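Shared between the two complexes below is chain A, which pairs with chain B and chain C, respectively.
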Partner chain A sequence: MRNPWTRTGNYKTSYKQDTTIFTTYSEQASLIVFLVGMLVLPQFLSRHSMQILDLILIYALAVLGLNIITGYAGLINIGHAAFLGVGAYTAALVSPYLPFWAVLPVSGLVAALAGAVVGIPALRIKHLYLAIATLAFQIIFEWGVGHSPALEQGGAMAMPRVVFLGYKVGFKNHHYFWYYVIFVVLVLLAFAFRNLLRTRWGRALVAVRDNDRAADAMGMDPGKTKVFAFALGAFYAGVAGALYAYWSRAVVIEDYSLAISIKFLAMAIVGGLGTLVGSFFGPAFLELLDINMESISHLIKAVYNPPGVDVASAVRPLAFGLAIVLFLIFEPRGLANWWRLLRSYFRNWPFKY
Partner chain B sequence: MKNKRTLWALAAVLAMGFAAAEKVHIMWSGAITGPTSDAGKYYAQGIEDYCNYINDTGYVAGVEFVCEVRDDQYNNANTLRNFEEAVDRGDPIFLGYSTGGTLQLKPLIQEVGLPFIPASYHIGNIDPPDNDYIFLPIPSYSEQVIAILEYIAKTTPGAKVAMVVHPSPFGRAPVEDAKKAAAELGITIVEVQEASKNLDNTATLKRFENKGVQYIVYQNVAGPVATMIKDAQRLGLNIKHAGAHYAGGPDLLRLAGPAAEGFLWVTSYYMPDEDNDGARFVKELGAKYGRPADTIESVHYPSGMLAAAVAIEAIKEAKDAGKKISPETVYEALLKIDWPNKLAVGPVTYSKDDHVGVDMLRVLEAKDGRFVPITEPFSSQLFRKVHYGK
Partner chain C sequence: MSYFLQLLVSGIVVGSIYALAALGFVLIYKASRVINFAHGHFIAIGAFTAYALAVDFGVNIWIAALVVLVFTAIVAYFTERVFLKPLVGQPIISVIMVTIGLASVFGGLIHLTPYGSGNFSLPAFLPEGGVTFWGISVSYPQLLAVLFTAVFLVAFAWFFQRSTIGIAMRAVADDQMASMSLGVSVEKVFALAWAAAGITAAASGLIVGAISGLNLEGLVGIGLKVFPVVILGGLDSIPGAVVGGIIIGILENLAAGYLDAYIPGGGTGDVFPFLVLLLVLWFKPHGLFGTEEIERV
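Here is the complex of A and B:
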């Protein structure tokens, strides 16, 4: 490579180059700058902004999991919030006995086990039928929690306050502390996600998605691959669920309902199915859209409030629905595609072609 | 010239008044859209109108209330965000909404010590742990259900009762207390069913009929109740229906129509067509602020007003005592409050051990398309015994 800092075209000549994560030094440098920026970001944000940022990152982790199942493996999953719930309830049960850093992987593993069980029907069914099977899991989860006295029948299970290296996490520093925990976990799992496609298991996911019979003929096991996809995606969701439990300080069934599963799907679609950056863009876009629409609805209410028609309140759900429909129609590849186009533009700049 | 001077003097007085008015924020976070927004939107309007009324009348001298209603869309993450914003701003009190949202916030409410008045009358809100700062405006669902069982036991000794509850902590909370109370009252709870989205309840109702059920008691929202009582009417069953606060009311009449006739409903609020100060006040306020008839007729409208009124009354107590308005002083004021309000059937009183404001309830019956009271205000005799064991 003549100039290792930039490239204006595709000059890959080997498989090794093809699977490389960073093709130029500038990509590495920009990632390092980005990560350092994220590390110092809390210095410039209010507690309130940190709260929103934490939520976006937790949702991003959950959407990464959904992107493994639905994006990579092509298995429609409308019970993803239930995997989060499994992780959250596991966290609530084990957190009195384990430090938080041990609670997170344990919650992920229990959710992965649940994911593997849910993945079993994927051996025999697919497409819409599989979607219904995941919906069944969502309903069974909600019913099961609702009838379990050990889980307060869906009522609140308080999470203990965390003490880390003698540092007590209280109201004032709660979102700052959890930001760094979420950030570290997210970076690790995002790297794992990025590397997944460089492994035989990751490539098998995509092969099975594109044509499971062809994948079978080429020596892959579609059944195991699908169960693996569910287990791995649920692991991500389980860890996200445990983080959500700590972040929200209590576990309540309503946070893991069908509506939240639909929201995750919307985030994955808006972000761009099967993409790493899309898993961040989707949650950020929809959460910030909702918050901004809330402000706009207050403004509308102040200037235009006809009796009998609550125009202001209608703005938020309308914007949410409209965003999804517009993305499906005009940009089904999601925000990740805009990011790709933007990067291409700057990569070739100042040359247009 | 003289007129000019008078105007200047008036303007100066007004300016001083505005400058001196302390802005006190009260935030409500609830569902104006999304699940249960059929109740939440009226509740929010009640808060807004009561707050405007207080500001318009200058009820608390030197204080201008800024009441913010936030649509959390029944999403706990939004509720949490709103609550923390109120804490950061230093609001002296917070008005909440759902059972799930309140239960989730409990540990945080306890940690930050911000008084909290939810629209959910779930007993778990005021049961330990982390219950010091949560105050219910009227008796809990558990107490409401036991009150209706007491009424049933009095009118139909030895009655067979089925319970139909919402599949959530909101619905399930009263069940155990109701079973204990039924045993004390000599009535039988033959079955407890959960229902929220059933489109047809024929099988359930026929089973109830086979078991000789005479009453169905609901701890649910009006929608599923309406579906079930319409099914019961269609099947020609001789079963009476009764329910707690959110199960009945004008919403049920609207949804169920003639099938609601005879429905027994327990609540602490007045009906808009009653001839008393409370009902007149609600109607006047609704008319003053241009609310449509469905708002004024909804029981959630005065419910929202009462929540705002309790908050404002506590702030007034703190202010009148010469204290700085803060969560601590408002909390102290709440613990001493004894306010003979006209929005509900009894005075609002709290103490360290009693976090229920209005202790009285009435049973109302749907007659000719409206709910009419059939009892005087009363308190449940058994609730404390079965729930607290005293």
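Here is the complex of A and C:
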């Protein structure tokens, strides 16, 4: 019997072995250690860091959804933030009547419905045309919200404070409470994401991405599969949107604009398209980059600060755009690929490969 | 009736800007199958460079316009050489994302200059007023805009029908393999398509400057309006870009003129083109003049 804790090569001999998620005990052990670490992490972080961590995890959930649509199914989605927005506005409308744990799936389902509707053109069109359809949805969504008096015309809609087990979540423990909620939701949905490719529906997504005519010939319906991908990805986005609404205490249209949609695409690509770890690396990398650019812009201001120029608001899109471009040119497989290389380095140590 | 005609005329003026912008967009798409999300930023680069030359450096506006056309072409040319060339053969999403990233970079760079925020207007170089017929008034800048667009379209039509480079570009758009085997440098054609797109983008930026004020968001917004135009006209059709541009311009103005009164907050013109886009995608996905794709396994 080989050592079940390490693996230096691919010894899989059956289909069943090939679809397992964990090949060694050490992978399982490190995941458990990581999850326990995440559970105790808030003990060591300030309220401000918790706020950033919460945001990264919510974005990670949204990027998971985008990775189903764009990563697994290969459908470019330039309207993902609008799906979050659908979830967030649903949350804003139903939260006075429902407890928060019921609001989350409801928001997800409404967003999934929106996703399916946006996906309907996929029955006829594909590739770039579909990408442009999602762009149109994003713009129409923003405009529609901006012109709906029921939604405060895109202005702030306050979210009610949440009562949990008879205890009202207040200002001090807001970010800590929502951290645990986000964590639980994220673990559940990440688990579903990882296992999606072991189901026939998940494999159909990848088959349609790689060659939809061939998938058609094998008995899959490419159109329906694409609509399914949109609905499922939008469900993730809707839940993330509801969490975002609770986390930020208000729903404002700026949080669900085209710029945010582009940010999600960038996160998915920088992290590594269609990967689970990438969905965490991407948001973490770009959000931390964004935060650090603020301090870097102070340095730049010392050298270059002409009147009428807001250096801070210039440096952030610059760094964001450069990150996208440089990753695409030099590491198209994203941070997830670095993670893979790092892991294989340690697994095979002291050998090179 | 005169209200309708007035809307129609201003629609044609706006539409000719869209047509010019869409022309460059289609050129890039035809040659290299790249969807350029940074097109609005090329328009902005052209417009603000012209403003900087004409106002801050006091160059004659016509000379400034010429310099700007060349300058934007060079920027677009090197954009292709440096950022797009390494991605030839990569999946569509990489190529789209690199143009989105470039849009962000250009946006940041423009924000580093004083032109990033606020409104600017090019110095008036045409006499005030305009012509009035049948109760419709058209200002000289508006007339010039349409004229300018027409001149550009004729020039480009000549370029593609008669010049060697233009014919090479058409050949590449038609069949890359075949044109490569006939000695056409496909790489060079890609870069030239971008340069040509840069020229048209700068031209539409100049026309915006002549008709109304310049601000970054508005100029980048034209880059987004190009999408309904090219979907309506057909992504890979140059006549489609022109016809689509003018139709979208007219529809946008009519929608704004007649529907704004019924909608709280107005602004119908901003969203109407995108509704048209969705309708076209549902019922006639390849647009008016686009070629339908035939796929085999």
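As a working rule, the second predicted complex is superposed on the first by the 337 of 353 C-alpha atoms of A that agree within 3 Å, B and C clash if a C-alpha of one lies under 4 Å from a C-alpha of the other, contacts with A are read in each partner's own complex, and residues count from 1 in each chain.
The rule is short, and it goes like this: a residue touches a chain if its C-beta (ideal position, glycine included) is under 8 Å from a C-beta of that chain, and two chains touch if they have at least 3 such contacts.
Please read these numbers as outputs of a predicted model, since none were measured by experiment.
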{"item": "First (chain B), second (chain C), both or neither touched by A:Arg316", "value": "both"}
{"item": "More chain A residues in contact - chain B or chain C", "value": "C"}
{"item": "Partner chain in contact with A:Pro4 - chain B first, chain C second, else both or neither", "value": "neither"}
{"item": "Touching partner for A:Leu55 - first (chain B), second (chain C), both, neither", "value": "first"}
{"item": "Partner chain(s) touched by A:Ile253 [first = chain B, second = chain C, both, neither]", "value": "first"}
{"item": "Contacts of A:Pro306 with chain B and chain C, given as first, second, both or neither", "value": "second"}
{"item": "Which of chain B and chain C A:Ser297 touches, first, second, both or neither", "value": "first"}
{"item": "Touching partner for A:Leu128 - first (chain B), second (chain C), both, neither", "value": "second"}
{"item": "Touching partner for A:Ile76 - first (chain B), second (chain C), both, neither", "value": "second"}
{"item": "Partner chain in contact with A:Gln153 - chain B first, chain C second, else both or neither", "value": "both"}
{"item": "Overlap of chain C and chain B interfaces on chain A (superposed complexes)", "value": "143, 146, 153, 307-308, 310, 313-314, 316-317"}
{"item": "Parts of chain B lying in touch with chain A, wherever the complex brings them together", "value": "32-34, 37, 41, 70-71, 73-74, 76-78, 80-81, 84-85, 87-88, 98-101, 103-108, 111-112, 124, 129-130, 167-169, 172, 194, 290-292"}
{"item": "Chain C - residues contacting chain A, complex", "value": "35, 83, 86-87, 90-94, 96-98, 100-109, 111-114, 116-118, 224, 227-228, 231, 235, 263-265, 267, 270-271, 274-275, 277-278, 281-282, 285, 295-297"}
{"item": "Residue numbers on chain A that touch chain B, as the complex places them", "value": "46-48, 51-52, 55, 143, 146, 152-156, 158-159, 170-171, 248-250, 252-255, 290, 294, 297, 307-308, 310, 313-314, 316-317"}
{"item": "Chain C-touching residues of chain A, taken from the complex the two chains share", "value": "70, 74, 76, 120-121, 124-125, 127-129, 131-133, 135-137, 139-140, 143-144, 146-147, 149, 153, 211, 213-214, 217, 262, 265-266, 269, 273, 304, 306-311, 313-325, 328-329, 332"}
